[in-house]
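Okay, got some structures for you below.
The two complexes that follow have chain A in common; it is paired with chain B in the first and with chain C in the second.
Coming up: the complex of A and B.
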């Protein structure tokens, strides 16, 4: 099949590349819209002066979601060949999380 | 071109080594400087043991004793064990995966010179007003109170050499991920490569906490901050956490490569493939992972509370499981194998019971309740020396004998090697086995002297005698190295005769481009597969073509030298400020000049393009006479 060529020449498999690029663009626009929306919610929460115990977790979750969208859609981690990078990223995040959890529970209690 | 050393002037050789970016030469640099620091740390250990040989001894003063024990630990961990492991990683890992060099040859050189200058800086403390004296852990409550510049030397020296280690770790990660030869899948990598990979990942995650801790300490001691000062609202325990978040993975950074060396040695000299290869890989990764979840077991007695102690105790004991998997796999590799007891194999066989002894006391120490009894006693000293010497140092000595022909093209004398082995093994157990009982009898660690007639006299004497056996073993090893290099009998590709992995498929030492054609890897133990099918060398995976090589560079040396100079400025500006600007007026200019040298050389490196050079196909074709001799 023609579209399996790995040539770097942009004229090879023009149709296939076009379709891929369109899908990519759709994903990016969607996630961009979602990120704007999440930022909007975050601002609302702060402006509306919600209770701290409600606002902090929601803000953190929204921030986390934005990081994931950023990594996967804008920094191309959803593409093939990023498995090792993802593995090291998550391992690092896990170790940092355990460290912070320990500090919060037994150092700064 | 021949790889056998040509007659060249001393200065030409020196310049070659100062500027080299070749992983094989950097390996030799690591081996020589790591070996030097090993001797320095060893001399410090001998002085400690002489002081403790008889009760109420006055061989060294109390202050000097504190400096000796601090520098012994710091030197052995940071400046001897790790660089020596890096020596073997550099010498062997690129060959084992069929690469022509590491991914970043320039960074490789930079990593070495940072380590080297950091180590020299740390050891200059002996001549510049006293060495650090707060133990290798340098707990903040002690070290903030330490007068003089000892701790400053520790902080700045480790900061510089730690940066080098971090660079080296990242370099190996990228090398192993990206530079494997065609067919070399992850699950076909030799165990030494696997353990290097996991150890490098541990370096990547463990060194940043150390860097942070050292920076906080640096600000506290040199710029008047109060991160660890309880009277000013700081928290001294945070140093302990940061140190051990680094310090515990550090233990695995040391032991995993040693496991890898032993795995390769045991399968080579048992003439069998490693038993349970996949389980070995999994166990290595699991040990690395769990290594980050257990650091607080060093701090059971700081009052973390029963819940935290219990969690960390259980996590610690869990590590015994993958370690046990490895022990049984080594035993089963030997089971039914055609075993040859060469010097490296003797070390490997002796390693198993020695390390298990260290592991068993490790599980004892992991029980938080019992640890209150063992804490800060000689039992702990005995435990970690069983793990570090019985595991890491035996691995380093085994690796020295095993990989010597690949690094230098000569074989160390086997008889002398076996004499070294027996002297060292007897000395090691003589020194440290008895310390378990000294600890249980109540002798605290890090004490300068003990009083007579408390039942400690005889055992301490035995321990000191054992230490002399180890010293003798090291002297025999050095003699062995010297006569081997003087005789200079060259060996071929596979001097042990049973080599299984790629490094034994090319000449010893390998030509500077390693592989003329990258090899095609068809399974685990690729050279063994070819041998079993009657071939003597690897099947090439590519036609003969030009090889792209990096240029030598002096910049890494200058970059590291700049930080070395800047460190003196950073340290003595404390005196400058204390004297209201009257003395040490040179300190701030020195700090600035040092940083300018470093930043300037970074700028040169960034702005000046260095595309390397090509070895042309024609030169490679003329180069057919460097095949190994012995088959």
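Coming up: the complex of A and C.
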């Protein structure tokens, strides 16, 4: 998406870009539908009162999947030119994971 | 490059948010900021998880006693939908349709305001019905810091959109303000990312046990 070469002469690619934008929008609406669907599943799991041994992993996977859709489709991380953005975000996510793991294991009351 | 050059849909560059050097820098700097925000929210989540349901006496309400699924569900739908409306706004930004971009951003702001209204109701409800306050327990402090910090981000996001819309109301869309609208919408999506974890970890997992 972030090709500087195509923006040099946008007139040439006008129809093509419009079509590409429409296709991208279709993908984004699909991911929105999937996020709504996953939210429903997550709430149903809680209402159905499953044991937390089963419920927790499923809830966390559903949340992770929603966040991936949000990052890659809504925040355009699937586009080219997001290498450094991904480096920043995943570095943050790594420290986030270690922080939560640490607090869960060494804090007691 | 003249930042205030007028464009039409046909002369508008493909990635207006990254056409200027300033836009490129904003884009990169903003993702670095989001990496930092991830760490910041992680520390609040970690604190909350460590102190969840840690109350000084049996008369204090716990997570499962207070949380109500319908309220959380409505708030989740509002914020998720507002994420989609800001995607629509950026779609029109890339097609250089300024009016539609403004309309969708305005809808986004109203959805965010509705979310905020529900959150204020929720906090007020906990304080008055359950005496669950910021200082009542470690659980209370951790809960309000985490969820309140997210709420504060919503306030900042709404203020950001509103200021951009007002400041650029008559300017029209150009390479000066396109990166600004783009970063604000990234911020708004990130707020929804954090909320996905809040409704899962705090509310849903809090209800399960």
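Definition applied: the second predicted complex is superposed on the first by the 94 of 109 C-alpha atoms of A that agree within 3 Å, B and C clash if a C-alpha of one lies under 4 Å from a C-alpha of the other, contacts with A are read in each partner's own complex, and residues count from 1 in each chain.
One rule holds in what follows: contacts are C-beta pairs under 8 Å (C-beta built on N, C-alpha and C of every residue); 3 or more make two chains touch, one makes a residue touch a chain.
A quick note: this is a predicted structure, and the numbers were derived from the prediction, not measured.
A.B. asks: So, on chain A, is it clash or fit between chain B and chain C?
C.D. replies: Superposition result for chain B and chain C: fit.
A.B. asks: Could you say whether A:58 touches chain B, chain C, both of them, or neither, answering first, second, both or neither?
C.D. replies: A:58 sits against neither chain B nor chain C.
A.B. asks: In the combined three-chain arrangement, what's the angle at chain A toward chain B and chain C (CA centres, steps of 10°)?
C.D. replies: Angle at the centre of chain A: 70 degrees.
A.B. asks: Scan A:92 for contacts with chain B and chain C and give back first, second, both or neither.
C.D. replies: Both partners, chain B and chain C.
A.B. asks: If you stack the two complexes on chain A, which partner ends up touching A:39: first (chain B), second (chain C), both, or neither?
C.D. replies: After superposition on chain A, A:39 lies in contact with chain C alone.
A.B. asks: In the three-chain superposition, say which chain, chain B or chain C, touches more residues of chain A.
C.D. replies: Touching more of chain A: C.
A.B. asks: Quick check for you: in the superposed arrangement, does A:102 touch first (chain B), second (chain C), both or neither?
C.D. replies: Touch status of A:102: both partners.
A.B. asks: Once chain A of both complexes is superposed, is A:84 in touch with chain B (first), chain C (second), both, or neither?
C.D. replies: In the superposition, A:84 touches chain B and chain C alike.
A.B. asks: How far apart, in Å, are the nearest Cα atoms of chain B and chain C after the overlay?
C.D. replies: Result, nearest C-alpha distance in the overlay: 5 Å.
A.B. asks: Starting from the residues of chain A touching chain B, keep only those that also touch chain C in the other complex, and list them.
C.D. replies: Common to the two interfaces on chain A: residues 84, 88, 91-92, 95, 99, 102-103, 107.
A.B. asks: Which stretch or stretches of chain B touch chain A in the complex?
C.D. replies: Within the complex, chain B contacts chain A at residues 173, 177, 201, 204-205, 209, 235, 237-238, 241, 245, 289, 292-293, 296, 304-305, 308.
A.B. asks: Can you list the residues on chain C that touch chain A in the complex?
C.D. replies: For chain C paired with chain A, touching residues are 9-15, 18-19, 27-28, 31-32, 34-39, 41-43, 45-47, 49-51, 54, 69, 73, 76-77, 80, 83-84, 87-88, 91, 94-95, 138, 186, 189-190, 192-193, 196-197, 199-201, 204-205, 207-209.
A.B. asks: In their complex, what parts of chain A are in touch with chain B?
C.D. replies: My answer: residues 84, 88, 91-92, 95, 98-99, 102-103, 105-107.
A.B. asks: Which residues of chain A touch chain C once you look at their complex with the stated criterion?
C.D. replies: Its residues touching chain C are 1-4, 6-7, 10-11, 13-14, 17-18, 21, 24-25, 28-29, 32, 35-36, 39, 42-43, 45-47, 49-50, 52, 55-56, 59-60, 62-63, 66-67, 70-71, 74-75, 81-82, 84-85, 88-89, 91-93, 95-97, 99-100, 102-104, 107, 109.
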